[in-house]
Amino acid sequence: MPLPPDRLLRAYRQMKTIREFEERLHVEIQTGEIPGFTHLYSGQEAVAVGVCEHLGDADWIASTHRGHGHCIAKGCDVTGMMLEIYGRRDGLCKGKGGSMHIADMSKGMLGANAIVGGGPPIAVGAAIACKARRDGKVAVAFGGDGSCNQGTVFEAMNLAVVLKAPAIFVFEDNGYSEHTGADYAVGSRDIAGRARGFGMPAETCDGSDFFAVHAAMARALELARNGGGPSTIEAKTTRFFGHFEGDPMLYRAKDEVARHRETMDCLRIFRARVTTEGLLDDAALDAVDAEVMGLIDRSVAAARSAAPPTAADLLTDVYVSY
Amino acid sequence: MPLPPDRLLRAYRQMKTIREFEERLHVEIQTGEIPGFTHLYSGQEAVAVGVCEHLGDADWIASTHRGHGHCIAKGCDVTGMMLEIYGRRDGLCKGKGGSMHIADMSKGMLGANAIVGGGPPIAVGAAIACKARRDGKVAVAFGGDGSCNQGTVFEAMNLAVVLKAPAIFVFEDNGYSEHTGADYAVGSRDIAGRARGFGMPAETCDGSDFFAVHAAMARALELARNGGGPSTIEAKTTRFFGHFEGDPMLYRAKDEVARHRETMDCLRIFRARVTTEGLLDDAALDAVDAEVMGLIDRSVAAARSAAPPTAADLLTDVYVSY
Amino acid sequence: MRQLSMRDAINEALHLEMARDPRVIVLGEDVSGGAGGTSGQRDAAGGVFGVTKGLLPKFGEDRVIDTPISESAIIGAANGAALAGMRPVAELMFADFLGVCFDQVFNQAAKFRYMFGGKTACPIVIRTATGAGMNMGAQHSQSMYALVTAVPGLKVVVPSNAYDAKGLMLTAIRDDDPVVFFEHKALYPRKCAVPEGDYTIPFGEAALVREGEHVTVVAIGRMVSFAEKALDALAADGITADLIDPRTLSPLDDETIYESLENTGRLVIIDESPPRCSVASDIAALVASNAFHALKAPIVQITSPHTPVPFARELERLYVPSPQAIETAIRRLVKQ
Amino acid sequence: MRQLSMRDAINEALHLEMARDPRVIVLGEDVSGGAGGTSGQRDAAGGVFGVTKGLLPKFGEDRVIDTPISESAIIGAANGAALAGMRPVAELMFADFLGVCFDQVFNQAAKFRYMFGGKTACPIVIRTATGAGMNMGAQHSQSMYALVTAVPGLKVVVPSNAYDAKGLMLTAIRDDDPVVFFEHKALYPRKCAVPEGDYTIPFGEAALVREGEHVTVVAIGRMVSFAEKALDALAADGITADLIDPRTLSPLDDETIYESLENTGRLVIIDESPPRCSVASDIAALVASNAFHALKAPIVQITSPHTPVPFARELERLYVPSPQAIETAIRRLVKQ
């Protein structure tokens, strides 16, 4: 059953928002105004949106160091995020978190995480809460190909299987963990196979194809919501930028990114499919593009002019009470 | 090709030594003279000996909290072990380690380990050393069914695959981790399947049958020694005592141990096979039995009368130099 | 009044709070036990020290969760469940196992609130067995309070008796911040008078166990009873002390220590852990910075030596601070 | 003399020692980089801070080992290789990741020798990037010395400049005990004169960076240069100090501090980590116990606040002790 046009358009808008958010950050970072280091999600949008399109605010996701896409797909406020990345007082985390620690419980976003492998156990905990409350909600753990070598991830997978927790593990294999290829570091290069080794269903899909991810997630979700326990989705994808901003990418063939932008761009692939199949027309998509550019412009302008945190902010929020 | 009689007899002697060491400890512990808590290996002897029969002093093993069997199979001095378990100054570790920390580098024994999952990464490191030195040696990591849920174990497995390290992972599925059944806690109940998920060969064998373990190990060893990298052996076995001494075993059916002593006793199974096939005769085996009993008697007597450590010992051996 | 062991006092607190608040869940290895076993008997363990006994039959498998041996997953899951609105009580069988899940403790639980700009809370309790004295060897005997006391965002509780343990546990579960709750193995069977029903003991309020005039003694956990023994012996010679049990190490009630020092001018701190960067050193440093002028003599720290915990009975006995060593140290100090 | 950055000084030490001793191996994430990539280029990273650059081309893949993201396996493998006779130098990309491998650090490496009755050694070096100041957020900016200094069996090194870093690294690799070597991210590009060739700096010998009369200042790592700035400003007013850089926190050269205090009577300790159970508190406690009578005024500890490391530039600047804060504190102290 194809998605109705309004949901398709929303999915496109989210993917486009992520893309422009990231492409714009890539530019703004050159100005030196953005503190710290930033990991851009550009190229992987179809995974975040294909998965989160199914979820409501009361479902949960746990994200990674490369978290902007997951945040936007899960509904976090784009301007609040931009302010946070700039380290502003009115940022989503009051400037205390930054790019790698954006979270919003009201949107079911359990946090980006600067510790590779930090998120999956947390997502399983949220799934346990859903199960205990019998609220029919699920929790999704995002992770990269590199994260699938971290022991915490396997502990989380096994625990979810044992408890039949409504948890879904989404691995985005973008080919690299930092400067090292997945074909080197992922022993089997078969993340789905690992998941099956733990006793859960797992499938591999094309992470540049929104519809492929969306369909895989539909199956995982049905299982989880019907008490069938966890499952895994391995999405093959690519990142259009370096590991972090400033990475010279010596480990990638010179033309690799250009080639991937040509052949693995989820926005192009989406547009081609929906227009060919007559589900949406170019005009509607162009309108979204314009709308998104405006949103990003406004959020950058807001972030630039926003006030920084003050000395008083340093000592608050460590404890609820102490 | 069947093992020559002297090696068969040695294997039997080791299994018998482990058995009697443990059965005797079980008795001696009632006297209150043995400090701490002890995990007995009785019932699993064929695994330790089936594996270590292939190894020399320059090969390595990393053991677990249930380590007496591995120590004896790897050639650690039985009296030194007994003294250590009694906490004596002349124990293998000068009374500083105890039952859960017996080690002897000169025998390639990297240590029992009171941390579940502590050993496998260490074994992989020893395998890396073998590889770097090209000395043709291997490292074996022993672990239980429970340990196969600990993230460190998977990290070690993946690292070994990535580096094609001559490491062999031996999981002894004795059905329980403490008070919890493996069919509950091991998501898939298929440890070999997990190992295959990481991209290494793995096989399951009958851990009560010395010959089955020995054959599986021969295959793993050939692979490792020929640069083929790691593999996994999952041995199905049973423990004849509680998790630790004092465990009332409320989680086991009342007759389970009795049944297993009847049907899964590796010593009986071994004796039946070698006598039926005419490889050894009962007289030779009985002679070993007598010899072993003497050894155990003497080691207990030695441990009982040995001197405890003194105040001066408390502060030494923390650093090589400080 | 009814006498309860510390084990039973904590068990009672868990029962009370689980009955009162449906958000409370308990998870850990063998917290009930028997899952998947062949006896058909659940609650076969109730925790290896029996502290969670009886919870499963009463509250069911959704709220009393046996886990695989996966400490990172256990604490991580507690964290996630807390972010999602539950109040998990996770059991780490031995405090020494903090190593295998330390990231979830100090990088996750401790930092969520701050990193997320105060917009969330992570109300977990990590219960764990601590301390030497049972010949359990170097990896099952450590006193690791300092490691978590050092971490901003965590609260740290070390009860010295059954009464406190119950009241502090109820406070811990109701507290909105992550709490690490150390239960000394040697104290589990120790009994004292424990009221029925609900009562709480606030965090950051030390107990003045005894009042005296010559010296201020701060003792942690099991060391409180050791200090009492030493003081009993000293009473014969007319030496008396303020004996302070901080009960919570973070927050720490340093004010009570400073006030006592105004009277005594002499400080002895007794801590079962090794000396470097310990809670003993932390308290000594606070005093040397904030109550220096009250001090009439060097601060005395009585700790274990800078070694791992040894196995042999004779060595472990020498390792743990003894009532005799405490007595000698106090005697020497009051003479200065 | 030739000026070298701390990054290059450590790199040179690694080159020298790998050439000298075939037992030395290097392992960690991206220590060379490029494995499995599509460019065909190895040594594409040389560590994310470039400290291990050039080792792979020179010493090959058996001795310079890129690993998956598996810190427990990395440190565990280093431990096992050390027990089997190698001298591994493991890189933990950021000290904050100690959490995911802490068991291998404190329950294994630190305890082998003692638990095994002195019959083995575990000569590993764990190199790791430490410290705040680059807006890397709460999980990439911590100063975690105290956590390992607390552990008997570990040695802890925190160089404050390139010269020391090279000499201490050579000592660390040749040392037979496990060493945790903290490299401050902000110091990597900082240059100073560094001799070519082989030289070592012994553990447990503090550097007396400056001599003075009014106060003893103990500063750790990056804080040494901050203290120097503060002292430069104070010189105008005739205030001078003994500035002591411990260089190794375990073993700690406390004697040098006591000796200095005999002259100055006043102590300021500067430590970038949060205050509780910190190295600052450890040193303060040692002094309050062992050199109390030399003290003329309260000990001053200048540390970060009891909070996680904040992200925003303005907040992180307030978080890290500043030369101004140090100056003010010293000024106030000498007046007392």
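A, B, C and D label the chains in the order they appear, each numbered from 1.
What we mean here is this: a contact is a pair of C-beta atoms (placed from the backbone, for glycine too) under 8 Å apart; a residue touches a chain by one contact, two chains touch by 3 or more.
All figures in this text were calculated on a predicted structure; none of them were measured in a lab.
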| query | When you check each chain against chain B and chain C, which touch both of them? | reply | A, D
| Distance from chain D to chain B - Cα centre to Cα centre, in angstrom | 39
| message | Rounded to a whole Å, what is the gap between the Cα centroids of chain A and chain D? | response | 35
| request: State, to the nearest whole Å, the distance from the C-alpha centre of chain A to the C-alpha centre of chain B. | output: 45
| What parts of chain B, by residue number, touch at least two of the other chains? | 93, 95-97, 101, 113-115, 118, 149-152, 155, 158-159, 162, 184-187, 318
| remark: By the touch definition above, chain C meets two or more other chains at residues 67-68, 70-73, 96-97, 99-100, 103-104, 107, 114-115, 137-139, 152-153, 305-308, 310-311
| note | Among line, ring, star, complete and other, the chain touch graph is complete
| message | For a test of understanding, state which residues of chain A touch chain D in their complex under the given definition. | response | 35-37, 87-89, 93, 95-101, 113-118, 146-147, 149-152, 175-187, 249-254, 256, 308-311, 313-315, 318
| task | Flag every residue of chain D that touches chain A in the complex, lowest number first. | result | 29-30, 33-41, 44-45, 48, 66-73, 96-97, 99-100, 134-140, 305-308, 310-316, 318-319
| message | Show me the residue ranges of chain A that touch chain C in the complex, using the header's touch definition. | response | 60, 62, 91-97, 101, 103-105, 110-111, 113-115, 118, 120-133, 139, 151-152, 155-156, 158-159, 162-163, 316-322
| said: Under the definition above, what is the set of chain C residues touching chain D in their complex? | reply: 72, 96-100, 102-107, 110-111, 114-115, 137-139, 146-147, 149-153, 250, 252, 273-274, 276-290, 292-293, 295, 297-301, 305-308, 310-311
| field | Of all residues in chain A, those that touch chain B in their complex | value | 149-155, 157-159, 161-162, 184-190, 193-200
